[in-house]
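What follows is a pair of complexes built around subunit A, which joins subunit B in one and subunit C in the other.
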Partner chain A sequence: MTAVRRRGRVALIGAVVALAIALPFVANSYILSVVTLALYLAYAGQAWNVMMGFAGQLSLGHSLYVGLGAYASAGLFSHFQIGPWAGVWLAIILCTAAGAFIGALAFRLRISGVQLSLLTIAFAELARIGFDHLDWLGGPGGLFLRVAERNSVDLLGFRGPPAMYYYTILVLVGGALGLCSWLFRRRAGYYWRAIREDEAAAQSLGIDVFRWKLYAVALSSAMTAVAGVFFAFYYNNLFPEQIFSFGRSIEIILGPVVGGVGTLLGPIVGAGAIVVLGDGTTELMNRIGLDIPGGKQVIHGLLLLLVTIYLPEGLWPPLARALGVAPRRL
Partner chain B sequence: MPAFSDLANAVVSGVLTGTVYGLMALGLSAIFGVIKLVNFAHGELMTLAMYAAVVASERLSLDPFVTMIGAAALFAALGYALQRGFINRFVRRPEHSQMLLMIALAMIIGNLLLLGFGPDARGVQTSYQLDSFQLGFLLLDKVRVYAAGAAVVATGVLAAFFRLTLTGKAIRACADNPLGARVAGLPLGHLYAVTFGVGAASVAVAGCAMVPLIDVTPGLGPVYTLLAFVIVILGGLGSMVGALLGGVVIGVSEALAGLLIAPSAKSMVSFGLLVLILLVRPRGLMGPVRR
Partner chain C sequence: MPLLEVEAVSKSFRGLRAVAEATFSVERDTISALIGPNGAGKTTLFNLIAGMYRPDAGEIRLRGRGIGGLPAHRVCKAGIARTFQLVRPFDDLSVLDNAVVGALNTERTVAGARARARAVLGHLGLGDKMSLIASHLTLADRRRLEVARAVATRPALLLLDEVMAGLRPGEVDELVAMLRTAQREEGMTILLTEHVMRAVLALADQIVVLHHGEVIARGAPAAVLREPAVLESYLGEDALDGAGV
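Entry: the complex of A and B
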């Protein structure tokens, strides 16, 4: 990379970071909530990407980990007044255990492809039905958290104004990006890519395929657990019917798929694109007096369709080439 | 413990519903077995057929079992066109790419139904809705018997098509060995389209047969997609007899779970069965041994 290019890239990153930090001071609450949603999807997508983009294992049931993480932390909070800073560890432990369990079952029995995807859906559905019957956590009627005080910041209880949640998810997205880009250059990144491209070849090179696939699932589910905790404390209400639904799992994969599976910035670019197009169009429709239920999902579907047809590698790789920065593929 | 007659009634009603499930899964199984396409929009096609039956009943006061015939023809044409004009271009894509394509189609169909019909449940009224046949202590709902009868007839037609007609045999050849079929000069694009048409027609018949039993909502699509996959994996991917058998197994276990545990435990049992079968016998009850 030439010095000029490097300087350009540093300037670009600096501008994006400065804009992200300044946003709550310049944007209205609607914009802030939309960007928060986009960042949440970017983070969850980044977590999913570890499993699919790195190691090539397609999970269509990631709502399981969002829900498990959300319920674990929200349950601790509402029953024992234990805040999310402690709750997040329980969420991570539970989700890692669940992910490792499902992964171990599937990979030990050499389940892959469609069957693996269906197995992940089945476990999310089982959790949905299970939590529907768990009255201690609200059952089908939902679990509600005390709504955040919008004027004061209670960092310990993670209750505060929208800007606090915005900065939290911003830090999470940055952290996940940093973690993934670090792993990319480590042994794990190479092993996972080798497994994704050709499992048998990877095994013949002496990679413990079972173990490294398991690591990918465990890391992915642990990262998704944190997304669940954020979801619980940001939205303050949890319904098994919604949080464990197949639609939620699809929502998580939309960002990375549209942005580019297996790229570092794909999940962020993709989440931005789907939120801008989806919520932007819905907002425009509302402005002109049209309230269409399902309209946003039709746009998401169309976007997914068009990207799958015309840009199988996602939005980010061609965009990166146009900007003159080589996309990092994992 | 419920009385024996209650158990017997639950089992019989489960078998009847399961036959319709089987027909639905048969469509998925044919599409997967031949085209190797994971049709994630299967449940949405089913929902579409159910809404067609509702509209035909409300506007034209047609009985769903009459609508069924027209719907089968319409869906066959629709399926043929969809596969020929669109999906055929993607059969060489990697599996996950095809799955995403079908998920996108499913999202579009499902949410267009939501746009068109609203979120409320819709059903059809028939004059014989509450009637039943009595066989000793067995009470059989008339609708359920008719639905199962239609499913059995449709399955018979499908089996005859695949066993006896030249096109059917050619399709089976494609499923067996696509390269060999191509070498032999079979028009793969056309045969894939026919297969998708046949699959769509069976799901249309299943949808029309299901409407008198269950009210339809736009969100039903994923539920049926998953159910169809559970059945197909239970029966064995690509096996037609297996799909039917899987449907009956799921139908009976749902009915028994509804009676013995709780109505809401129904789907828990089917997903539990899926996990169990994937772990114990991944090729399913009747699936071919993997080479």
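Entry: the complex of A and C
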């Protein structure tokens, strides 16, 4: 990379980081909530991308891990007053175990591709039905957390103003990006990409395919667990019908698919595009007095359709080239 | 003790015998060729040695240690690397990254693996194509990459499954020269299947002839190719012409 291009890149990153830090001071609460949602989807998308973009294993049931993580931490909080800083570990352990179990089951039985994604959907549905009957956690009536004091910050209990949640998810997105870009350059990154490209060839080169696929699923579900904890404490209410729904899983996937599966920044760019276009247009239509139910979903669908047809690589690779930086392919 | 011993190995698919009590051995630091007509069981035998299939009966030993029935990645760890007849490079990865994946088999660090991958790619004439994406390579280069990736794992025994297929005569000679060099420098033993007799004759110290899954002849190339059974079963008419023997 030439010095000019490097300086350009540093300037670009600096500007984005500065803008991100300054946002709560300059934006109104609506914008802040929209950006928080975008970052939440970017983070969950990054986690999903570890499994699909890195290792090529398609999960359409990641709502399972969001839901398990959310219920684990919210349950501890509402029943035992144990805060999310401890609860997040229970969430991670539960989700990693669930992911490892599903992965081991699938990979032992040589289930892959469409069958694997059907299996992941089935487990998310199973959880939805199971939690509907779990009265201790609210059942179908929902689990509600004491709503946060909006003007005092309780870091220990993770209760506070929107800006606190915004900064938290911002750090999570940065951390996930850092972790993925570090793994990309390690043995794991090479092995996962080899498995994604050709399992038999990867195995012939000494890679224990079963074990490394399991690592990918475990890491992906552990990362998604944290998204679930964030979800629980940000929205304060959980319904099995919503949190485990197939739609939630698709929502997680939209970011990386629109932004570019198997790229480091694709999940972030894609989540941004989806939320800005979806919520932005809805807000615009509300302003001019149009209220179309489901309008957001239609826009998501259209965006997905257009990207699939015209930008099969996703939004980020062409955008990166236009900005003069090389898109990092996983 | 021979490096590889294949003893009375059999494999059937739905009652069809693909390999029938095949027995042969491969000495260290030699190049052996496994030849025979299409459907003779060469690739099946390769897949048995490489751990893709489990033998129904018989023993496969590397340095005296039984490896028959081990999964493919354990066979690779034991010291056997293979190429595939239909090349299967990691298409979305760069040429260098393809070889790095192989080199990580024995290298402890990514930096070490990258250094080894660069060296191996250099030996196989891909030194100036390392940053290309594998899917952009020509067939000849894809075959070389397939070999490089396997060599990068630092195998004691390298199995080459028809790496010359589809190459022009000039490209065959180039690859033959590269294999010779690589074999000497890496201290590898090579077992290959091949239809291109030009390559077999240029490379092989030993030929093993397979027919209907059985080993019908083995020994030095000149002697084996004179045996009536071999001439009849395999070299019959057009193969001899094609080989220019």
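The rule we apply is simple: the second predicted complex is superposed on the first by the 330 of 330 C-alpha atoms of A that agree within 3 Å, B and C clash if a C-alpha of one lies under 4 Å from a C-alpha of the other, contacts with A are read in each partner's own complex, and residues count from 1 in each chain.
Heads up, the rule we're going with is that a contact is a pair of C-beta atoms (placed from the backbone, for glycine too) under 8 Å apart; a residue touches a chain by one contact, two chains touch by 3 or more.
From a predicted model like this one, the values you see are computed outputs, not experimental measurements.
In the superposition on chain A, A:244 makes contact with neither subunit B nor subunit C. Comparing subunit C and subunit B on the residues of subunit A they touch gives the larger count to B. Within the superposed three-chain model, A:185 lies in touch with subunit C and out of touch with subunit B [touch as defined at top]. When the shared chain is aligned, subunit C comes close enough to touch A:206, but subunit B does not. Of the two partner chains placed around the shared chain by superposition, subunit C is the only one that A:194 touches, whereas subunit B remains out of contact. When the two complexes are laid over each other on chain A, subunit A has no residue in contact with both subunit B and subunit C. Taken together, the subunit A residues at the contact with subunit C in this complex read 185-187, 190-191, 193-194, 196-198, 200-209, 262, 329.
Partner subunit B is touched in their complex by these residues of subunit A: 52, 58, 60, 105, 109, 111, 113-115, 117-119, 121-123, 125-126, 129-130, 132-133, 245-247, 250, 257, 292-295, 297-298, 300-302, 304-305, 308-309, 312.
Residues 50, 52, 71-73, 76-77, 81-82, 84, 88-93, 97, 100-102, 104-105, 110, 113, 149-150, 153 of subunit C touch subunit A in their complex.
Here subunit B touches subunit A in the complex through residues 38, 90, 93, 95-97, 99-101, 103-108, 110-112, 114-115, 118-119, 218, 222, 226, 229-230, 233, 264-265, 267-268, 271-272, 274-275, 278-279, 282, going by the rule given at the top.
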